[in-house]
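Please see the structure below; I have some questions.
As written, the chains take the letters A, B, C and D, and residue 1 is the first residue of each chain.
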Amino acid sequence: MQRMDRTALAARVARDIPEGAYVNLGIGAPTMVANFLPRDKDVFLQSENGLLGMGPAPAEADIDWELINAGKQPVTILAGGAYFHHGDSFAMMRGGHIDICVLGAFQVSVHGDLANWHTGAPDAIPAVGGAMDLAIGARQVFVMMDLLTKTGDSKLVNRCTYPLTGLACVSRVYTDVGVFSVGPEGARVIEMVDGLTLDELRKMTGVELEMA
Amino acid sequence: MINKIVDTMSEAVAGLHDGASIMISGFGDAGAPAELIEAVIAHGATDLTIISNNAGSGETGIAALIKANRVRKVICSFPRQAASHHFDTRYRAGEIELELVPQGNLAARIEAAGAGLGAIFTPTGYGTLLAEGKETREIDGRNYVLEYPIHADFALVKARAADRWGNLVYRKVARNFGPIMAMAARTTIVQVAEVVDLGALDPEVIVTPGIFVNRVVRTSAAANA
Amino acid sequence: MQRMDRTALAARVARDIPEGAYVNLGIGAPTMVANFLPRDKDVFLQSENGLLGMGPAPAEADIDWELINAGKQPVTILAGGAYFHHGDSFAMMRGGHIDICVLGAFQVSVHGDLANWHTGAPDAIPAVGGAMDLAIGARQVFVMMDLLTKTGDSKLVNRCTYPLTGLACVSRVYTDVGVFSVGPEGARVIEMVDGLTLDELRKMTGVELEMA
Amino acid sequence: MINKIVDTMSEAVAGLHDGASIMISGFGDAGAPAELIEAVIAHGATDLTIISNNAGSGETGIAALIKANRVRKVICSFPRQAASHHFDTRYRAGEIELELVPQGNLAARIEAAGAGLGAIFTPTGYGTLLAEGKETREIDGRNYVLEYPIHADFALVKARAADRWGNLVYRKVARNFGPIMAMAARTTIVQVAEVVDLGALDPEVIVTPGIFVNRVVRTSAAANA
């Protein structure tokens, strides 16, 4: 089977973002989705540190450390963009004004519970940032992750064992081997990479799966 | 290309339905979206709940909507005005319901809706008629009343200028309830005096980012003189 | 005795407003206080419809109906003034950022309860506006009123009979015949007009009074 | 004449006391009032509670305050950063207390303090470790956690420009927590790159009205390059 690499996965997620959507891309791999949004269509990127209408990374010479994204990387602002304070920014999120949020995850349950902020390791210094706000605020939460951990455990699970970020908040899971819907009805397979069967996917994940 | 500018007032208010809840910006006449209210009257929707600071005065605006018998309920802070006779008459006749809300609680409940809060404990109104029957709580030695968010199906807002993404700037105290109502309604419809090119509004001075705006319509120059 | 008229009373209230104070003047007589604030000192007037740094009424030719006060009268804005929306305006009030609010009243109790929004008449159309927010938000609430009603009843009372605007919120009461402090300790007389005695004042009001 | 501009950093932080709670604006380095934090270190106050999005990184700013052993507690959303070793060390040694708050709840609780609300029901964090032991409630079919306002004795804020009444404008995403912290602290102290004449700031574009600001100090031009 032909696993998707991160770049291909980012492109796949981008295909499901319609023109006119207000979108927040989480730190890390989700940031790459921006590279695959069609340049001739208006998709509005929000960065929760106070920016709507975020543009691509600047040229080295144009870097401004007061124009950064939530991952603290330099960005630009498009014509039509706006700045606002943190209160308004999270009102935007919590109030359901963001259409789609794309996040990474440690685990997602078949019912859409998300664990992406804490491994539960007792000596870890906890840090949550905006993860919990993004998880419950956006109308749709897309997760982007490898289906399996490095040790082969499924990150799509019946019940998260890592500390939760939000309950029943994820609607879609984009992985290196397939795309899933999750929610009240459980998990469904929307698509698989070539060379993979539903039975193999059931074995990989250990969760009940049907085609969507 | 996303373009939230519509050409006509009737397009602006398309989809209004009987029984809709509608927030209307304005404090007195300042910031009142007179042309949009006219469009609502022309549209014909009835059985409306109006959320606004006042309940109209004279023969135009919310007063005209009430006169045309389209309003079932008003949620406001100050219905009684020098020329609020249309409201007064229907209210005394029991034909219109009134939910009276202190002005700051009205603002805070609209903000809570926009910000996705479930409820807020506010000190305003504690111990008064307007808090009767409401849950109260003492927190850190002060008494508060539990108030719930006010959502709406539509907001009608008047702003000074907009671009095609719906970014807004206002003019003087006509700003009043516009920015917070734009955040609290499912569909926000804005009348402006001026439509400007994308990028013409400095991102530092935009008061309402376009994410809170669904449709923008320019009023005729005369209407904004 | 020499009763103060509204103009003299407004001037008297103005004397107790220090430079640098953030002040909200209620609709009606309190608005007149602005006329007696010293022009060479910075006192910041807030109007709850979204204006800080309010200036005097404009010349007829300069009237702008999008620059009005809470009483819907045309005003001006001083250099250094600012506009803001209703949410921020009432946060300013409720959050305790306004130093002094001057209000009219139907009744004030010796403990500082305020009744100024509703006469309780069953056929009255109720309207509250910002009265309740102003009453409980400002750090100090000054009331400005005639001591007696037209029918000779005291408006300074042991217990308000009109519907309340706020509990224990008033600190001072400026009347045509004297200035009172009110609060947890009850009412005290700060000053009286010439020709009036404490005993006469006790008889006029029917409440326990001592000199402050 | 009211003039909130002070001449020196030490005047700006005068009156800071041991045990004070201090809000510090900034998201990463953007909007962090580096010079004011230096002034706090020079001032000597200790046993401080710091309310900020991060807990410092590298050797300057909040990290330097922690290194100097002045911080008893941090209330923040994201202490762990690439170079947060000063926080990490003291936290692991049990020498510093951490209250971890989701970023949006941090903002909302600061806003609630500024707006005089007693508490808010927020959906963020429901069902997670960070809501353990907190009151919850289902409202209209959704679950919320009751969160209380965060007040502070002082706020240290970085803005772009100010006038003598303390009106502020910010620069790009350095705005972040500045406006809401200015509203929530008893004493708000602001460092700016530029002091302008009264009236030079358009009343339509002032982000923080001077009512929320107590002292303003200009940083040297070099520090704002």
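Basically, a residue touches a chain if its C-beta (ideal position, glycine included) is under 8 Å from a C-beta of that chain, and two chains touch if they have at least 3 such contacts.
Bear in mind the structure is a predicted one, so any value in this text is a computation, not a measurement.
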Practice task
Tally the contacting C-beta pairs at the C-D interface and at the A-D interface, and name the larger one.
Solution key: A-D
Problem - Centre-of-Cα separation between subunit D and subunit B, whole angstrom - result: 33
Practice task
Give, as an integer number of Å, the spacing between the C-alpha centres of subunit D and subunit C.
Solution key: 34
Practice task
With chain centres taken as the means of their Cα atoms, state the distance from subunit A to subunit C in Å.
Solution key: 54
Fill in the blank from the handout: Distance between the CA centroids of subunit A and subunit D (whole Å) is 29
Handout entry: Overlap residues in subunit A, where contacts from two or more other chains coincide
Key = 77, 83-84, 87, 90, 93-94, 137
Practice task
Hunt down the residues of subunit B that sit against at least two other chains at once, touch-wise.
Solution key: 108, 111, 115-117, 122-123, 170-172, 204
Handout entry: Touch relationships between chains, expressed as pairs
Key = A-B, A-D, B-C, B-D, C-D
Handout entry: Sites on subunit D touched by subunit B in the complex
Key = 108, 112, 115-123, 137, 139-140, 142, 144, 148, 169-172, 202, 204-205
Handout entry: Complex contact set, residues of subunit B against subunit A
Key = 1-2, 111, 113-117, 163-165, 167, 183, 198-199, 201, 203-204, 206, 209-212
Handout entry: Residue numbers on subunit C that touch subunit D, as the complex places them
Key = 19-20, 22, 40-42, 44, 46, 52-53, 77, 79-84, 87, 90-98, 137
Problem - subunit B partner contacts - residues on subunit C that touch it in the complex - result: 47-51, 64-68, 72, 77, 83-87, 89-90, 93-94, 118, 123, 125-133, 136-137, 163-167
Exercise for the section: Spell out the residues on subunit D that touch subunit A in their complex, using ranges where they run on. Expected result: 27-31, 53, 77-80, 84, 87-88, 91-92, 98, 100-105, 107-108, 110-111, 122-130, 143, 170-180, 207
